[in-house]
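Notes follow the structure.
Labels A, B, C and D are assigned to the chains in the order they are written; within every chain, residues are numbered from 1.
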Amino acid sequence: MTTLFIRGGTVVNADRAFKADVITQDGKITAVGENLSAPVGATIVDAGGQYVMPGGIDPHTHMQLPFMGTTTMDDFFTGTAAGLAGGNTTIIDFVIPNPQQPIMEAYQTWRGWAEKAASDYSFHVAITWWDETVKRDMGTLVQTEGVNSFKHFMAYKNAIMCDDETLVNSFKRCLELGAMPTVHAENGELVYLLQKTVAEMGIKGPEGHPLSRPPMVEGEAANRAIAIADVLNVPIYVVHVSCIEAAEAIARARARGQRVYGEVLAGHLVVDDSVYRHPDFATAAAHVMSPPFRPKGNQEFLWRGLQSGSLHTTATDHCTFCAAQKAAGKDDFSKIPNGTGGVEERLAVVWDDGVNTGRITPSEFVAITSANTAKLFNIYPQKGSVSVGADADLVVWDPAGTKTLSAKTQFSKGDFNIFEGRTVKGIPSHTVSQGELVFVQGDLRAVNGKGRYIKRPAFNDN
Amino acid sequence: MTTLFIRGGTVVNADRAFKADVITQDGKITAVGENLSAPVGATIVDAGGQYVMPGGIDPHTHMQLPFMGTTTMDDFFTGTAAGLAGGNTTIIDFVIPNPQQPIMEAYQTWRGWAEKAASDYSFHVAITWWDETVKRDMGTLVQTEGVNSFKHFMAYKNAIMCDDETLVNSFKRCLELGAMPTVHAENGELVYLLQKTVAEMGIKGPEGHPLSRPPMVEGEAANRAIAIADVLNVPIYVVHVSCIEAAEAIARARARGQRVYGEVLAGHLVVDDSVYRHPDFATAAAHVMSPPFRPKGNQEFLWRGLQSGSLHTTATDHCTFCAAQKAAGKDDFSKIPNGTGGVEERLAVVWDDGVNTGRITPSEFVAITSANTAKLFNIYPQKGSVSVGADADLVVWDPAGTKTLSAKTQFSKGDFNIFEGRTVKGIPSHTVSQGELVFVQGDLRAVNGKGRYIKRPAFNDN
Amino acid sequence: MTTLFIRGGTVVNADRAFKADVITQDGKITAVGENLSAPVGATIVDAGGQYVMPGGIDPHTHMQLPFMGTTTMDDFFTGTAAGLAGGNTTIIDFVIPNPQQPIMEAYQTWRGWAEKAASDYSFHVAITWWDETVKRDMGTLVQTEGVNSFKHFMAYKNAIMCDDETLVNSFKRCLELGAMPTVHAENGELVYLLQKTVAEMGIKGPEGHPLSRPPMVEGEAANRAIAIADVLNVPIYVVHVSCIEAAEAIARARARGQRVYGEVLAGHLVVDDSVYRHPDFATAAAHVMSPPFRPKGNQEFLWRGLQSGSLHTTATDHCTFCAAQKAAGKDDFSKIPNGTGGVEERLAVVWDDGVNTGRITPSEFVAITSANTAKLFNIYPQKGSVSVGADADLVVWDPAGTKTLSAKTQFSKGDFNIFEGRTVKGIPSHTVSQGELVFVQGDLRAVNGKGRYIKRPAFNDN
Amino acid sequence: MTTLFIRGGTVVNADRAFKADVITQDGKITAVGENLSAPVGATIVDAGGQYVMPGGIDPHTHMQLPFMGTTTMDDFFTGTAAGLAGGNTTIIDFVIPNPQQPIMEAYQTWRGWAEKAASDYSFHVAITWWDETVKRDMGTLVQTEGVNSFKHFMAYKNAIMCDDETLVNSFKRCLELGAMPTVHAENGELVYLLQKTVAEMGIKGPEGHPLSRPPMVEGEAANRAIAIADVLNVPIYVVHVSCIEAAEAIARARARGQRVYGEVLAGHLVVDDSVYRHPDFATAAAHVMSPPFRPKGNQEFLWRGLQSGSLHTTATDHCTFCAAQKAAGKDDFSKIPNGTGGVEERLAVVWDDGVNTGRITPSEFVAITSANTAKLFNIYPQKGSVSVGADADLVVWDPAGTKTLSAKTQFSKGDFNIFEGRTVKGIPSHTVSQGELVFVQGDLRAVNGKGRYIKRPAFNDN
């Protein structure tokens, strides 16, 4: 295996930044310090003028998601490869059972799909229905499979929506198991009614998508899930917080001492809802995801949440449908498959709009792109830390490098880029996964199947 | 009919207080002014040193509520008579259809029961299920029966609970009809789970009641109903706001300009949750109502809401079950019939704890005991105002009079008084209903069947 | 004296609107009711399809304000005449003593200037310094001169700024006297420092004005004054609340039950800070007032405050300096005399942006343009109410009438109009002052000296 | 020098806890890891079942503070020795120049006094007046003396109070220098007025102390200082946040993304204002400090701030006056010297009320007692971290050890203990300072003069 000597950079951890060389051997970090000597045979990486950071962890992706007999464009190989190109060394994807499907069966299916992954990966498991077998299988997943988080969709009525009855039962079970409940927070009944109402008003195009899912629909659901977690005394993690209303629900709960955590998508930080009014259907439809991009003003508020510590992680909800797939909703916005990409661009976008603007420090960047996720999902400091003993998952970050983001040049197999044309300053020069250089100055060396499934222990395992 | 000359008092309306005599004839107020002459044959009421105010309106009572083959102790006669003794000249009660029962049928049943009322009355109608006939009948009630408000119970799972699907449909229908949706805000799924959880912990007595309905259970539901109303653009009225969490949900919504209104029960203003820890089952059980009485600190917060205008009305949820009825839950707190009295004491309790403490002015007292309810439910200034042309429904209020509240001396047929032993300063000396003296210095002259059904027009009738 | 019969309109009071005729005699309203008979000799005003409302009260004007040896363009005659043309029948202006000047002397000076007023008027008195004579004279003003409010400028260092020592002493004195303290809330030390800092950055033009007075400068001062009032247990009225930060300070205080009131200028409701970036100095300078016009987003927030009842009155701070006077600050924005007009346009602007947009009802319009001011400054219902016995100060409002606001057509002697070019729907057709028609369909009949000084009793006079 | 081998404990850092041995040599930590070998000649410390944490840092003490010709009971030796006994290895004290005294002179005086310290120490410098020499000397302190924080007293009128003019100038200077402004937040004008008012009411005893400094007095000042910092774009640290009002001001600012930090005293977390009503003057007076202990409810709110991350550090404001000194205010509470102890008890009290109750984790304990202070005042990871290269300042913490806190058994020279009689579970078994065992199982081995002055670099030194 490769030995790396990463020389002369500034190591950035969530707690501080400092000048140091880094040595990795056998897939682990073996030394961090000033003026180290290069081990014999080591590959030298010159990190002068650059930052050496823990590889990004994307806690929210959907690779190879089945949909209407087809799947998203990126499978676990191409999706994780694109991630590596963007400086990410781990993803946490989702197992999503159909209602009534045994959740162990769905879990095994996703495990199979993921074997081709190029980077390390892990799984949240969605709870889409409830009975005693589901309850039992949650225990198996936590105790033997290394799953410590369960997802609940509060929207998508008549499909995977989890009603309050299931929600309260599952949250209670999470508490027993030491697992973290997470929620996609939108009030599914309201979305359902509004989709019909908007259609009745004659609005059939993508501009109807945000009208059917206004911010309060998300704020309500976030508040509800948080209140339930409060009553049941279980922590909670809210995925893709997109608006002021939801961010305030989290902040209010945290102000009363509750353990609530919020995730923000890179897209929600910089894209606003004007995209849905684009005259070209394909362009507008390509932005259809839920929660939708939000009116100006929300973006700044999300940044403030990340600055103040009431929001904690950044993700992408990477879920790439191509134009042909999106066309399924040509005459009815509610039929447009929901999803956008971003796994490859997240770090650069967050750096550019966060660090370059003075909103956050490099250490805070590491916190919200890697370390916090590792801590919240209990794989820290194996992941999320540049320290001796940690996995050799690193990104060498060139703060002076620039790049114009585009679908034309992306590694992802998607055919669209929601950051199209945005020039960012601050890009990865090298990505190190399991101690190997998998991305070097634009050269992607991802290996199919090299990624490992990462077990995440329950929180009460002390 | 009687002509009254109420001489030398201070008339108090919601906008101001001023010295004036008041004359009533044929059930209406015919003159308000200084130094009026007594009409020939008028009955003279000396209001010197006293306040002349619009009679109280209790917007939340349950007279003659059927329960397990029996009914509450107070029927429409004894309940409204007790109300008159306390200075109230109107109540708004509830028609509560069983799920699947035609709502017009339930409405007619309640109208029949109410014919014996001694004071004027009106009805909110509960929406406990949903189909096209319910939707249609809501229109009939608004357009021909003078019902302009519909109630939704967010708790009482497996009984009258209204799930989110019904809620959003009914709210949307209210908007079409110009009717006000109202909610009993508690998350029924959480209550259901907590009742089981508390029982599993071995807690079977009344002390389990508040444990199964913590404040956040109410706060969540209030926030949810308000958010739904916001999204659908309909006003909303939250009944019996009992805790900080719910009051804050209302205040937040109002701060964004939403039309949200909150009702507070007299009991919630002055009684705290220590009552559930009373060693005597009967006493503790007698206080069982929902939402429960709350920990200290909540009472002050409710007062602040009334002071600042984020809460609007006071009520009682008068619903009197006797000790024998309460005993149904002797071994299981969740079986104790929910309800307490108060229609007779509300004005005195609110005056004593509000005006005497300096929290509110006499005009604000009139606002929160009478005028605001009349405005919100569209019977102002027929009710809620001492002005020419208004109904001659008045209370002459003696600010120096004192009384010790007690089940022993109450007119209500209930056998318990949640204000037992409290000595209040400020009591009605006379109550005038439809121009008749129905309560004079302790002498109750209520007449069975004298009360009229009051139609309330829809809000879009201009 | 004239007798008026205002026929067929909809009377709008703060508590409700209703069809009624109105009769005025000898300067008072003598009848309000349906189907009245016209008194013999009465002048008939046809109010069909129109609203009959209490005349507007502008609680914040500066007529004839002395400045650098000259005065504002509008004196008490032209200013109140312009007010009448806009539907206002009362103004409350300010006596502003120089530091060290006896406040009774200043008061007499202003009383003299005001004798030419065409409408009724009253005075707040500013406290610009402190010693025992000031304390004594405050008593005289309250007890014998009918002044029940005192103004405190928290900005204008080295001029009329009132430091915290004076503030706390004066607030305490207000409490003793039953008078309302009011504040111009801006942190004068910060403004002073920022004016220098902005100038050092090379910014000398009007665009420097808002940079030297950012919203937090106002928010801080508002919060401070309110906190002091809270500690000393005195109510407080914050003039010209212009931004989210100050409005939130008020809302927070009200939520804890404090008696805090907020005033909003018509200009702050509809004009934003882009005006300071106008390339023409005269135009940009014409908008210089303090607090400055604010970034977009603040306007909506102020409306929400008025909707929810955390803000209470609307005013203008009418203070007209012409282009030649504004030119004093051609090379230094801090030397531009602060002030804009508006007394003539307020009602129309508030109606158009408030009632026509659905934000407020006609009754709420009356509350925030007239009745609330009358109540807060203790001249209700003499002013602010269409009811028998009230002053015959009325405006007949044509909701279908339109007008394009412009300096070219205004009655005010100012040479600028901050609402220039705005077309409003809803204008006064008739203004009635003291029972006389003083403005009829565009014909202004203001009479020099016809206005009366209105005494306002202290709040503890019961 | 001593070599230590701390074996078998759980190392707790702010980011995580993990089993590890720790080796220290020459005053530095040289190894942290599992199954290390003991260096030859090392002193073995058995940490089995115990936590090994960075030594506490108390960011707020007043040792040897001169007062009326005498000084506090604890000088720099006895005070730091008491600190070591409690697990603290660093204090940050205050240089407090008299108004008009050259600040360099005061700085040198304090440096001299501190030479006898037994543990490491550093200094904040107070800005009590303003002119160009003060401005210049702030530069010298930052650039050559390692001072990176300046303190501002917003109370103590006619003594060391810093008015808004000085505040804004000093804050601006801090920004230029990369120094952190800190404030004692109380409105000095209000305190001054209230002290007189309370005295005029006949209240002369210690019960008058909290009446003269109600929470809003602190909340106002905190809000003001934070607003000024916001406008000037400088971070700010608020010392001894004691009440809801101040904590909310911080939380509000953080929610808009501002860099605001809050410190809480151990005393304010567990002691309430009932102490001032103690019948014994000496006892009541012994609790006199500012801000005063607060009504119940505030304590929980402070904990919530620490939990949610809106408050950051814990301190003591250790300032010990004995009964004879306190007696100076026997007839006038405003003359009682302000101050209480606590440097010895802070860690145990915070652990007991924080970790044992489940409010915070051991890692969060380290954050709020050590690491956060080190980061905020720029001495991390030299201090505040158990990691290779850090100073060997450690505490071995026995979570099973118990102790009853008492003046009788304390090492501090004060004669009172505000935690008297409180039995805590969780106490230091060993304290290590500069690699030496200075406290072992109750045996204090503090050495006069062994402590070093710690320079803290400016924040813009990259």
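As a working rule, a contact is a pair of C-beta atoms (placed from the backbone, for glycine too) under 8 Å apart; a residue touches a chain by one contact, two chains touch by 3 or more.
These numbers were taken from a predicted model, which means no experiment stands behind them.
Peer 1: Comparing centres built from CA atoms, which chain ends up most distant from subunit A?
Peer 2: Relative to subunit A, the chain with the farthest C-alpha centre is C.
Peer 1: Can you check whether subunit A and subunit B touch via the same residue numbers (shared by over half) or via different ones?
Peer 2: Since more than half of the residue numbers are used by both chains, the interface counts as same.
Peer 1: Taking each chain's centre as the mean position of its Cα atoms, how many Å separate subunit A from subunit B?
Peer 2: Taking the average C-alpha coordinate of subunit A and of subunit B, the gap between them is 50 Å.
Peer 1: CA centre of subunit B versus CA centre of subunit D: separation in Å?
Peer 2: Here the centre of subunit D sits 53 Å away from the centre of subunit B.
Peer 1: Averaging over Cα atoms per chain, report the distance between subunit A and subunit D in Å.
Peer 2: Distance between chain centres, rounded to whole Å: 39 Å.
Peer 1: Where in subunit A do residues touch two or more other chains at once?
Peer 2: Within subunit A, no residue contacts more than one other chain.
Peer 1: Answer with line, ring, star, complete or other to describe the graph linking chains that touch.
Peer 2: If you draw each chain as a dot and join those that touch, you get a single closed ring.
Peer 1: Which positions of subunit D touch subunit C when the two form their complex?
Peer 2: Those residues of subunit D that touch subunit C are 164-165, 167-169, 172, 187, 189-190, 193-194, 197, 214, 216-217, 219-220, 223-224, 227-228, 230-231.
Peer 1: Going by the contact rule set out above, which residues of subunit D touch subunit A in the complex?
Peer 2: Contact set of subunit D toward subunit A: 14-16, 251, 254-257, 303-305, 307-310, 359, 371, 375, 380-381, 385, 389.
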